[in-house]
Every structure is written in structure tokens, then in C-alpha cells.
Amino acid sequence: MRFGVVVFPGSNCDADCYHVIDKVLAEPVEYLWHGDRDLKEVDCVILPGGFSYGDYLRVGAIARFSPVMEKVLEHAAGGGLVIGICNGFQILTEVGLLPGALVRNPSLKFQCHNTRLRVERNDLPFTSLYKKKEIVEIPIAHGEGSFVADEETLELLEKENRVVFRYCDENGEINGISNPNGSLNNIAGICNEKGNVLGMMPHPERCAEEILGGLDGEILFRSLAGWRQGGDVA
Amino acid sequence: MKKEFWRKMGLSEEEYGMIKGILGRDPNEVELGIFGVMWSEHCSYKNSKAVLRSFPTTGERVVQGPGENAGVLDIGDGQGVVFKIESHNHPSAIEPYQGAATGVGGIIRDIFTMGARPIASLNSLRFGSLKSKRSRYLFNGVVAGIAGYGNCIGIPTIGGEVYFHPSYEENCLVNAMCIGLIDIKDIAKGVAQGPGNPVLVVGAKTGKDGIHGATFASEELNEKSEEKRPAVQVGDPFMEKLLLEACLELIKTGYVVGMQDMGAAGLTSSSSEMASRAGTGMEMDIAKVPRRETGMTPYEIMLSESQERMLVVAKSGAEKAVQDIFAKWGLEAVVIGKVTDDGYLTVKEGDEVAARIPAKALTEMCPVYAKEAKKPEYLIKAQEYDLSTLPELGDYGQVMMTLLGTGNIASKEWVYRQYDYMVGLNTVVGPGSDAAVLRIKGTNKGIAATTDCNARYVYLDPRQGGQIAVAEAARNLVCAGALPLGVTDCLNFGNPEKPEIFWQFKEAAAGISEACRTLETPVTGGNVSFYNETKGEAIYPTPVVGMVGLLEDISRVMTMGFKDEDDIIILLGENKDELGGTAYLSVIHGLEAGKPPSIDLEAERLIQRTTLALIKEGLVKSAHDCAEGGLSIALAECCIAGGLGADVVLSEEMKASSLLFGESQSRIIVTAHKEKMEKVLSRLSINKVPYKVLGNVGGEYLTINGSGWKVRLAVCDMEEKYRRAIACYMDM
Amino acid sequence: MFKAVVTITFKKNILDPQGSAVHKALHSLGYPEVSDVRVGKHIEVVMDVDSDEIAHKRIEEMCTKLLANPVIEDYQINVAVVE
Amino acid sequence: MFKAVVTITFKKNILDPQGSAVHKALHSLGYPEVSDVRVGKHIEVVMDVDSDEIAHKRIEEMCTKLLANPVIEDYQINVAVVE
């Protein structure tokens, strides 16, 4: 599995994702410059966290017009894997690959801390090595991560089983207290219909080494790395 | 020249005379403006230089001491740690969000100007009481500003400190520290070498903002301060991120001769300092400087403090290559002049000469003053206060809970949860512990960092307070398993023209000096911030010590939380009957009096080295120093951090309040597995370190048994109090 | 020259935490008469075009393309001539 | 009931990074006619007061106390009656 990490001028988790794939997983990985229309034939595109173009107007708003995104859209349409983490998730909703939007945390504050997530499905290339309903700990770090969508969209997401991660408590309960940012239905991550595009607010790359406090995020990258190349997405 | 004009520039009559002497003629307005900022305290250190000379600045590991944009220490393998602290107090008091944000931006530039990649930030903050609306407004804005800038640029904010005290009510303190990592061979300096080499302005456009920021920082705040609008700027962290990446890419090419960020006094200070350091001159056509607004005068362009700009001296012929790199990042890089060999700073607008001044006249030739110093009256009274008459409160558990819930001791989680402290994947120990620890990828090493200053001690005895600030910083690093390496300091004081303030400053600096010598932590840079007063009232003297340390083996990193049931708790150091200057006195008795705790620097050093050896040998499982609130609070913090209780006996014959809440220095709490205890104790005996076995870890309660008294508190109750306190105030 | 002022507000069903925070703050500052607060964005775009009509058309386009996100936001446009 | 609309923008000489970012983005999206962009805040405050005059007085106060920081921002107020 060849990975590509997109670099927007204001990305700041690009090197972190690269590090995990290169040094922890020892898998091939390339940087993809925002101004180039070239995905370097990678299998999985990562849109990393950060502040793509400063995020001054709306998070992810300007990034969606960058040349590389044209190719990412094509890649996704052809069934290629795409994962957007944090700012990457915001970009995916702006560009329309995923529904809904991410708005300001009700606390009006940037929030950086660990969260517990329940893995809602493990039949995806991104989550195949997690157990179903497994509770994992992955940190968030965002000011605008509150997931919103209109009612129909939300219903559709639930009906089609497209919620991949939900904020939960230590027993896996989904409730208000375990919801750090007011996301509807405690949504932390969703996928598209085909299941080849994932967006999530928490940062799996930040817990992929024991010394940094956990390995729950590494499982996601290992799932991807082990996914059969060209294999069908469930 | 009219007297009002040079007075307005902050110059004295003698200084004006000197300038005329240097130039051999009357200066014009532009020249006077340039002298005004360069000879301001903020840029010239004219009132503090003589005192700062006493700092130890050399050592085996010092690659770059004071004088450059930041200090550099050798950490082995050809790598260096680059670090510096700086104040942004006055702007933050006027516009907390932007003031703090641009403070962070400024110190980050100092680090990457050296060619280093910034890897972490810290900050040291002081506000008035949390009960005050204005303080909460400032606190809220400052933290948001630090977060807004640091999170966006992607540099983790890994630690710092926050204190609340009424003396900061109007004049908050915002000190920002940044740490970078560099291959020593790649260090870039702020020098304009090689006559004929091109000089470029890179980064953001120049606007009218911040004109006279340096002079502003060299005056007291008053009702008129709010009118000094231009002195506050708006930061653009995205622009700085672009500038950072472009500069680091540029330095790799080898085309850079010298580089300096445009901080206080903008183009003026960067050009004159770069020329002065190299012994060269510089000629610039400011008509070429890209600007944001029309109709700017030479005076305004030279003095603008627009953020996110750098001055670069490149190798001749490399102009295009430099411009290409900046273009890739969407930035401008414009040649505005060249290095000359005449020693003059020549500012032209087109063909017109707007200013012509010897570069060294602006730097080295600035007069240095030895101010009058006088021991303040308050000190004698405060130190003589008779503490023996204090009533002994019975319910020590209640006192502990009260202390855990005061802003100065309570968890700073409300603050650091707003900071992205993880980005970069190096944060092994984040905020909330004694010191933060970063790993260095590709090696087994780690760097630890902290900032510290107990201003109450400094107020009650500036020299001793200065010593303790250094000792505590070093102790915090040691508790993380790191060897303290060096210091950057930010000396925040009132108006130095008052002999009492200057005395505080001199004494505190002397204390820092002494401690740095004994603990072998040279000072590689820092910052002085005077005039922190409002309406004639000075802040508490606050010499903040920023310190970095080295872990040779990151796997030996240490944290303060208790680890396992039945581990043995050992206290290194001695409990003394010292309540002067404590949090207990201040919070419970409303008193800020007495002599601060004594400190024996040699004993401190011994305890620190011994603790470090125990950690390196893997003999202990946790380490935490006793600081504000004393032994009882330190124990509570170990319990809360580890989620475990403890059973402790304090058998000494001493007043319970002194034993529990006294803040005697040079004490560290460690825990060890039962089977390692003998070995630990024998090490301590051999090293002649005084110690006491206090008890053991376990259960859900912290129980402290004294002679005739007992404290028993549930860990979860203490945690609730400790973690929620600041949020409670801020939700008001 | 034309100046278009675009006002962007959250759709009715979207929570406006900034508005609520300001509302709360105003109450605690002693303004009980305040019964609702909404916070939105104000964007001024100066354009060098020939007619009011073109100005309208172009700014409308900018709004749908970039300035507003129709999933969460409504916008309102005002165009005026400037010297 | 009165509704006050407060528009808050950075002062003229103050850098407006948001405005510059949008300006740049609009250019690269094919709107070269855009010559300036400023981004500010739009705040709607609904008040239950008796007269236009009081509404003005109170909102003016709220602006200086909380809504705007006169050090870097200008504000503009518009008050209208609402049902």
C-alpha cells in the first residue's frame, strides 16, 4: 500500500502522518504538494491536520480549490482510499466528498485532550483490525470539530451505517458527557457511501507509538497498510 | 530641532547632545526616530546591561551565548538546542488576544532566524486576582491568543506557569519561550557580512502598525496607553508558518549570509544590528519595501513593527534563487539594498538620503547607565514580621482543600487544554507535570523544559528569590529525569528609575547569577521588561527563569504520579520550620510576609544530582519537587497524577502547619519499589543526602499522620477540587 | 467601483455558540433587556466592474463558491457604488 | 423590541489577515476585479427596551464595554424596530 500525504501550505500534521507511515509502519509514503496535480500513483491519500490556508474564512474552505484536490476527487471517484484527519475531515466536507459540516466547539475554545471512541464498524479498510464496538483512546485537537448536518442527512448516515467513530465514555456509552464538542449523535468520524473515504476529527497519528502514550491509532494505519491492494471495499 | 520632538522619542538632553556629537551635525527627524527606538531600554538595555554582565554565560555546552537572536547549547551528536524567552506585557494588557499572539510569533521568529526548527513553546503568565473581571478578561484573551497563534503554526505549547496576584491587575505579564532544534553546523546568524551582498526584505508587507512599540514598552502604562493604538499589532500565524518553512528551506541552500527577524523597531533594529555585528554598513532604498498602505513616510517604514517579516543578507548572485523559494511559499522577497564597507546605515528613498548614521552608533555606542539602587522600606517591615504568633488552624484537611482550589496551586488544565501540546509527535510528557519532555526523533535523547518564578519570594527577598527561581527550575527538570543545561531569563520589573525597583532588579539578577554558577546552568540569553507599573504601583518583581535540560536516554523519563500500590515514599531533603512567603500564609492568613525559605545552593545541587543518579539507575518510579503549598500539596499532586492514595507519617517535632505547608527548598519526593528501597537508601547515605521514609503508596485516600493530628482526604475529592478550580472562576 | 457587503449568518437550525456566549456575557454585565444575540460574518468586497448588475452577478457567484457554506450558512448581499 | 446590528471591523491601519486571505483566494478563483476585501463581525442584538433612544444608548455602551476593542477595531451601529 502506497501512501500519499497532502501538504497544504498551512498543514502541520503532514510530517506527523509521514513519520508514522515511514518510521512506525515502514511503508512507502510520498508528500503530495497542494499546487501539483499529481498523486504520484499512491493508493491511499491522507489529508492531514493543520490550518490548510490559514483557515481564516471557514476551516477547509479555501483548500478545496487547490489543484491537488481535483486529483483527490478523481481518486475517490475511482474507489481510491482517502482519509481526512481533523482539518482533512473539514476539507472533505467542504469539497462535498462527505456530508455535513464542522463548526465551532460550543466551548468556543480549542480543545486538546484524549477522547474515547467507539469503533462502529470494522469492515472498512481503515478499521479492519479494530474489533467491532471496540473502545479506543485517541486525542482530539481542534477548535471547530462539532459535526452538524440536517436531519435527513443525519438519518441517512445512520441508516447507511456510515458513522465510523463515535465519542463515548469508558463503558462505550454514547452520551452528552462523553461528547467533547457537541457533535450530533456524538459523531467523531464518518465515511462515504462506498466506504473508501473516511473523515475523522481525532488524530490517530498521535497515538501510534508507545512512548507517546498509546497504540490505538496505530491500528488504523496498520489496517490500511494490510488492506489488500485493489481489494474490494465492503 | 525642537525639544518636544526628541523628548517624545524618549531621549534625554544629554543623549540628544551625544547624537549631535556622533553625527557632527543636527539629526533630522528620521534619524532621531531611529536613535529614539534603538536607544530605548527595550532595544538597548541601557539601564540593565551593567547588571546582566554578572551572569555566567560560558560553559562546555554553550555554542551561542547572549547577543544573538537566541542561545544555543550543544546536546551531542552535532545537535544543538536553541531557546529564548521574551516578554509581551504591555501589548497584552491592552489587547490580550493579539498582544499574546504576536508575542508568541516574535519569539518563534527568533528561533527559526537561527536556522533551527522550532519544536516547542512555553509561556509564563501573571494576572491580577481571579476574582477580578478584568483579570479574567485578560487571562481568557491571553490564553486564547497563545493558543490561536501556536496551534495554527503547528508548534506544540508544552508547558509554562500561571500566577494570580493583585499586583498584576493592570499590568499582566506575558512571557513567551520557544525551543528549537538544529544541526550545529547549520546555525545562521544575524550578520551582514560581505560588502556588495544583497539585502532582502522577506515575508509580510509593511504597514503603519506598531510604530514605536519599543518606546511603548519602555514606559509605564497609564490611562493614555489605550490611545497608543499603533503599538498593538494583529498577528498572522499562517503567514508566519509560510515564512518559517521558506526560511528553513532557504538556509539549507547555503545562500544565506545572515538573517534576522524584524521584531521591536523593525527594519531599523534588524539592519543596524546586522551591520554592527559584522562591522559593516548597509545601504537601503526604502522605496522598494513592499507595503500594505500608501503614503508611508521613510520614518514610518523604518519604525514599523509589522509582524512576520525578516531581513536577509544573501550571497551575491543568489537573489533569484532566494526569490524562487519564497515564491513557492507564496511570499515576497525583495532586494532593498546591499551591504557596504563604510560602517554606515544609509537609508534612501529613491535617490534622496533620508538618514545616514554609523551602525555602531545605534548599538554599541548607546550610553550605559548605572542606576541608583536603594533597599526598599517595605522589605524591612515585611521580613521582620513575627510569624510565631500565628494561630494554628486545626482542620488541616480543610486547609489543604482550600490550597488545592486556589488559582496559583490548582491544575492549569483549563489553560493547557486550549494548547495543541502534541503536534509534532515529540511530546513524551506534556503540560501538567514538573517539566515537559520532548523526544528527539532519530536518537535516544530527550529535552526537558520549564519556566519558573515565585514572585512572592522575590518580593520578600530579591536575591534569595532569584536563587530559588533557578533552583526550582532545575529541580523541575531533574524530576523529569533531565540534566539541567542552561537558562534563558525574562526579568519583569517596575520602573528602574526608582532606586527601590532598581535594587530589586540588581539583587534578583545577583541571585540568579549565583544559582546559575553553582548549578552549572549558564545564561544564554533573555529579556528585560521594565516599567511594569500602573499608576505608580509596580508589579511584584518577577524574574522568570526558562530552563532546558537533557535526557541522554528518553526511556528513563520520570513523572510525578505515584505508580503502584505498596511503593515506598521517600522524601529527599529536610523539612524546616519556614512559613515565610508561603502560599499558606497568603491564602489562609492573608499575609505576604516573613523571610522566604532559605536555600543552600550546594545542598540543592547535591540533591539534584543524587535524584538524577537514582533515576538513571532505574531505582525510583516517580519524582516530584515540593514547591508552592509545601509537602502536603506535593503529596496530593503525586496522588492525583497517579490516581493512587498514600499513607504517610510525619514524625518530626514541628508545628503541623510548618510541616504540611512550609515551603522549605531542596526537597524531592520519590517512590521506589519495596525491593529497591535498601539500595536507594544506601545511595542517599553515601551521598550524604538527608532523607526520610514517609510511608507507602496505596488505597483511595491520602492519609498523613502527625503527632497528635491527622489528615485524611479522598484522592477523588482532591482531584475534583484541583482540576475544577480555575474553570469554575472562568465560567463565572 | 462597487462595494459589496456580504452578511453571513448561521442557518436557523444551527447552534450559534458565539451568539449565546455574547448573550450570557451581556446579561452578566447588566443588560437583562437583551433577549437574543446572533453572531455572523461581515465581508466587504471592493470590485472594479462596469455595472451594478455585473457586481451583483459576480458577488453572488463568489458567495456560492467560496464565501458561504450552504450546509450551515445563509447570506445576504448589498451592493453600493463607491468612488 | 429593537434589533441592533453591530458591524465590527479592524481599523484602517491594522492588518486584516482574514481579508487578505479571502482576497488572495478570490483572485486565484478567477476574480481579478476584486481590489480589496475586509472581513469583520456582524452581531445582531435583540433588546426589549422602550425607545429607539434607549436602544441606541445601551448598544453603544455594550460596544465599548464588550463587543469591540477600540484599540484595534471600529464599530458601526444600526437600530431597527422589530415585532
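To keep things simple, chains are lettered A, B, C and D as they appear, and every chain counts its residues starting from 1.
Operating definition for what follows: contacts are C-beta pairs under 8 Å (C-beta built on N, C-alpha and C of every residue); 3 or more make two chains touch, one makes a residue touch a chain.
All values derive from a computational prediction rather than experimental measurement.
Ranking A-C and A-B by contacting C-beta pairs places A-B first. Centre-to-centre spacing of subunit A and subunit C amounts to 30 Å, using the average Cα coordinate of each chain.
Centroids built from CA atoms put subunit C at 41 Å from subunit B. Note: centroid distance subunit A to subunit D, computed from Cα atoms, is 35 Å.
Counting partner chains per residue, subunit D shows two or more touched chains at residues 17, 21-22, 25, 29, 39.
The residues of subunit A that reach two or more other chains are 53-54, 56-57, 61-62, 65, listed in rising order.
Counting only residues that touch two or more partner chains, subunit B has 236, 238-239, 330. Interfaces, counted as pairs of touching chains, are A-B, A-C, A-D, B-D, C-D. Across the interface of their complex, subunit A is touched by residues 17-18, 21-22, 25, 28-29, 39 of subunit D.
By the touch criterion stated above, subunit B contacts subunit A in their complex at residues 144, 147-148, 151-154, 236-239, 241-242, 245, 329-330, 416-425, 427-428, 439, 441, 554-555.
The touching residues of subunit C, counted against subunit D in their complex, run 1, 7-9, 22, 25-26, 29, 31, 33-49, 58, 62, 65-67. Per the touch definition, subunit C reaches subunit A in the complex via residues 10, 13-15, 17-18, 21, 66-67, 69, 71-72. Residues 57-58, 61-62, 65, 93-94, 99-101, 103-108, 146, 148-150, 182 of subunit A are the ones touching subunit C in the complex.
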